[in-house]
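Here's the structure, in structure tokens; my notes come after.
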Amino acid sequence: MVVRDQKAGVDLAVELCGLPLRTPLIPASGTLSREALGEVEGVYGAMLPKTTTPATRAGNPPPRIAETPAGMVNSIGLQNPGVHGFLKGLDAFDLGIPIFVSVAGDTVAEFALLCEILAGDDRVSAVELNLSCPNVECGGLVFCAGPASVEQVVAACRAAVPGKPILVKLTNEGVVENARAAESAGADGLTVINTIPALTLDARARKVLVRGGLSGPAIKPVALRAVYDVSGVVNVPVIGSGGVVSGTDVAEFMLAGATAVQVGTASFVRDPHEILDEFASYLKESGLGAAELSGALRSVPP
Amino acid sequence: MKFYGVEVEERQELGSYTLLKYPWTDGPVEPGQFVMARAAGYPATLDPFLARPFSFYDYDGRMASLLFEVRGRGTMLLDLASTIEVTAPLGKGFRIEPRLGRAALLGGGIGVVPLKILRRRLNAMDVPHDVFLGFADARPAAVAREFPGAGVATMDGSAGTHGTVLDATDSLEVYGAVYACGPNPMLAAVKRAARENGLCQLSVEERMGCGNGSCNGCVVPVRGGGYIRSCIEGPVFHSDVLAW
Amino acid sequence: MVVRDQKAGVDLAVELCGLPLRTPLIPASGTLSREALGEVEGVYGAMLPKTTTPATRAGNPPPRIAETPAGMVNSIGLQNPGVHGFLKGLDAFDLGIPIFVSVAGDTVAEFALLCEILAGDDRVSAVELNLSCPNVECGGLVFCAGPASVEQVVAACRAAVPGKPILVKLTNEGVVENARAAESAGADGLTVINTIPALTLDARARKVLVRGGLSGPAIKPVALRAVYDVSGVVNVPVIGSGGVVSGTDVAEFMLAGATAVQVGTASFVRDPHEILDEFASYLKESGLGAAELSGALRSVPP
Amino acid sequence: MKFYGVEVEERQELGSYTLLKYPWTDGPVEPGQFVMARAAGYPATLDPFLARPFSFYDYDGRMASLLFEVRGRGTMLLDLASTIEVTAPLGKGFRIEPRLGRAALLGGGIGVVPLKILRRRLNAMDVPHDVFLGFADARPAAVAREFPGAGVATMDGSAGTHGTVLDATDSLEVYGAVYACGPNPMLAAVKRAARENGLCQLSVEERMGCGNGSCNGCVVPVRGGGYIRSCIEGPVFHSDVLAW
């Protein structure tokens, strides 16, 4: 399956929100640690560490993960050292490619505060808003539960970080409406989709194992649909996320309309170099450059 | 994470466990280190999706061996596979403290696995030690023959002492160092029993998503609050570190 | 894997909306044809043929299906002979167990009309409303796109078929709110969930393959979460649907709160007798009867 | 759908195709009938999830054989499997009309498969016939040696006539019956070429979800409007039935 050295003569570069990316691949937030950076040299077009929050978060007690058919459910609970500790360690993520930072807060004000802090940090090329976290001011509904709260949080962040692109990461539920709201509030790009709410049980023990988000190849067709539908109604670039495992998957997301593609859970089970190599072979065969692929379907269904 | 496809060169039953050898020449293996492993077939088949963690059972510079218990579908498929995919050695193993005197090695069930390399190291360093192994019953206990002189206990009394691995020991207080691996409740009990000891290291068993620190799935609670990853900071921890 | 003759001494019966079912298994609508009935003798507690509509529907042109990781996407387009032709052929589905009939219309009035027709047919024990079809009066949004239209269609059907239980089949998106709306409009039970909107592409041909609904084990953790959440907020019974492949899956859905469980896509790849046998072994081991299993978790997460 | 686990008793390469034999004693097989098949492993692995349809290549009352082309992951895994899972024979095959005189058998690519049993039947019934086979190039065309006397065409001209299977025939109009199997565009061309014939039967290839009529996934458009299932009403159809 692995095709090495397929990158010669293939144009992998894309542009995202004015930023030139060496390849269209980006690690999905929360799936690439500092310790694993050595393994991914040359693969990605931008770096994107785990979501950070205003204060330290310990995260959820174990069990935090469970395997499911062609996927997994996680409930990590945004474990992170808080934005200040995060920024102290950020240099480790400098691989000579743009660094995107994912943020999450409990309130609109916390989101805006995080954006203000990042606005002043030159190492940060773009901010990704993780809107799949609970809005404590709205009874704990997630920020992307509806267009109104999406618009509110994006507008506040827009004002707080006028000089850097803002990417808004959405969950599948209501994704088209929420995408429109994010765009009209000033988002420069949309990451589609985050994990899908899910639950796993242990029947023998008769207990809940993990209540969290489903990721991995199982959700790929759902994510593809979201990317296809969203990129049909917004003018800002879409970044695909959800179940990418192979170079063909990367191509599928780009054909569906994505400008760049995130690799998440698959990086736990494959060397992402293989994904890039396969994608390069695909480009070679198709005779297209990565930048030409976005939305380049030959026929569109009724 | 990078996986290497390797041929299974030998497979054998040890009690109710499976021993599996594959060629591995890429550097040494510390006692307590592990690999992520799965049956080959990926990505033609995307299920089961994740690899599974296994401690090294043995390593001779040419061949690595795993010893495992078939629990679910990951181990079921591994048990049948002629080609498997493995990572390089991962995690922090047991740190041997030769100056602390006599050591106790405790294994619970499949937790015996890392004790074989550990014991060889202790022998090489002339550290005196005793091995105690606990099992559910006599079938898995058959693996104890690989640990000559080990004290054995079974929960049903069908082999060795009737009870847990701790029932096979007199008192852990006579030991300068305690090294244990097994299910987490056993480790918690060992930690309590070894309270007064200078060194008690525990190899914990948490579900792992990645094995390289990326998913934050494999955490254990630590004293003072919070969680740390057992695949990077562990899987072997000084018992003081754990909030158990 | 197959455990035969495990059913002795195990109580498989459940009660659903006052109807005694021999087993908690029901074929998911659209996944069991007349031709395959001979293969399922003794497995199911009720029969549930493919959704019928007021007039004949030819269905969508091929390709209608595509395989995805641990699942499949379908876009059949409710191919069926129309309710009158359907009822002419209904006797073939008489296996001596209650027959449920799934209906779908383009408008609330069509749903009500179908219910009226079924109200007068003694062979029909219950009606399942398939609300995952487009409401032509609401710009083509599906009936279960929001609680208002769910309430409207359920209330109209309730009035049209006062004498038989109405089961309302919901999709995952907005399932908790929609479940509440269905209950308050008079639903007797809720089927949770239908397929999840998805898309498949052929990267090599650069075209869309199938735009339809995702089913199979891939969606099981999503369906389990929906069943768990819905059964926590409604008082009517919940029927689980989505990715059931094994007897353990059946147990998981029941532990999550389902009273009965539908087997869909899995019946294409397994003999459903095996699923029932595995479920019986589970009951034997757990010492519980099927009717005791619903919601019988030992511990509930925070 | 009920699947039976069977051992692969023989496997052999035929040109670029794989021939695979398994024991099957449960009743006769009609030419053009198919099975749903997959590599065993299910439900330990749930991906690929669906089985795949394959025509019978041969059947001798004791062993059934499949002949297939590796296209994607389903056939890739089947190509490696030592145990496979198959259903009973499915669908409606070719209906032989011996009174119609000379028959033409046309196979495109892997569409040769059902022609072997069909030809044997025709021989048994003393029905005169000619076989024409079309392939992409010489590699798959190697299977033509299993059809002595067949006219062969390849798209690249590397074996036989240069062109499609129809280029290997003079005219289909001299035949009383035409039986064809291959990719759908070829079948449409055969239908056009055989327009004037009394009987033209086509074995169509649609994606199948179940194989037993349950999913409505495998439909073909029919004259007069609407769709019918190729797994139940087909896969062999009289060409008049199809709206192609």
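By letter and in written order, the chains are A, B, C and D; residue numbering begins at 1 in each of them.
Here is the rule we use: contacts are C-beta pairs under 8 Å (C-beta built on N, C-alpha and C of every residue); 3 or more make two chains touch, one makes a residue touch a chain.
None of these values were measured; they are calculated from a predicted model.
S.K.: For the chain pairs B-C and A-B, which is connected through the larger number of C-beta pairs in contact?
M.R.: A-B
S.K.: Compared with chain A, which chain's mean CA position is the farthest off?
M.R.: D
S.K.: So what's the Cα centroid distance for chain A and chain B, whole Å?
M.R.: 35
S.K.: So, what's the distance in Å between the C-alpha centres of chain C and chain A?
M.R.: Using C-alpha averages as centres, the distance is 33 Å.
S.K.: How far is the middle of chain A from the middle of chain D, if each middle is the mean of its Cα atoms, in Å?
M.R.: 45
S.K.: Could you tell me which residues belong to chain A and also touch two or more other chains?
M.R.: Within chain A, residues 68-71, 216-217, 245 contact more than one other chain.
S.K.: Considering chain D alone, which of its residues make contact with at least two other chains?
M.R.: 44, 46-48
S.K.: Should the pattern of chain-chain touching be classed as line, ring, star, complete or other?
M.R.: Looks like everything touches everything, fully connected.
S.K.: Chain C touches which residues of chain D in the complex?
M.R.: The contact residues of chain D facing chain C are 1-3, 38, 42-44, 46-51, 74, 206-221, 225-227, 232.
S.K.: Along chain D, where are the residues that touch chain B in the complex?
M.R.: So the residues of chain D in touch with chain B come to 41, 44-48, 73, 76-77.
S.K.: Could you list, by residue number, the parts of chain C that touch chain B in their complex?
M.R.: Checking each residue of chain C against chain B gives 69-70, 217.
S.K.: Mind pulling up the chain A residues that touch chain B in the complex?
M.R.: 1, 30-36, 39, 50, 56, 58-59, 61-72, 74, 76, 79, 216-217, 245-246, 265, 267-271
S.K.: Looking at the complex, which residues from chain A come into contact with chain C?
M.R.: Listed in rising order, the residues are 68-71, 73, 172-174, 196-201, 203-208, 211, 214, 216-222, 224-225, 228, 243, 245, 248, 251-252, 255-256, 282, 285-286, 296-301.
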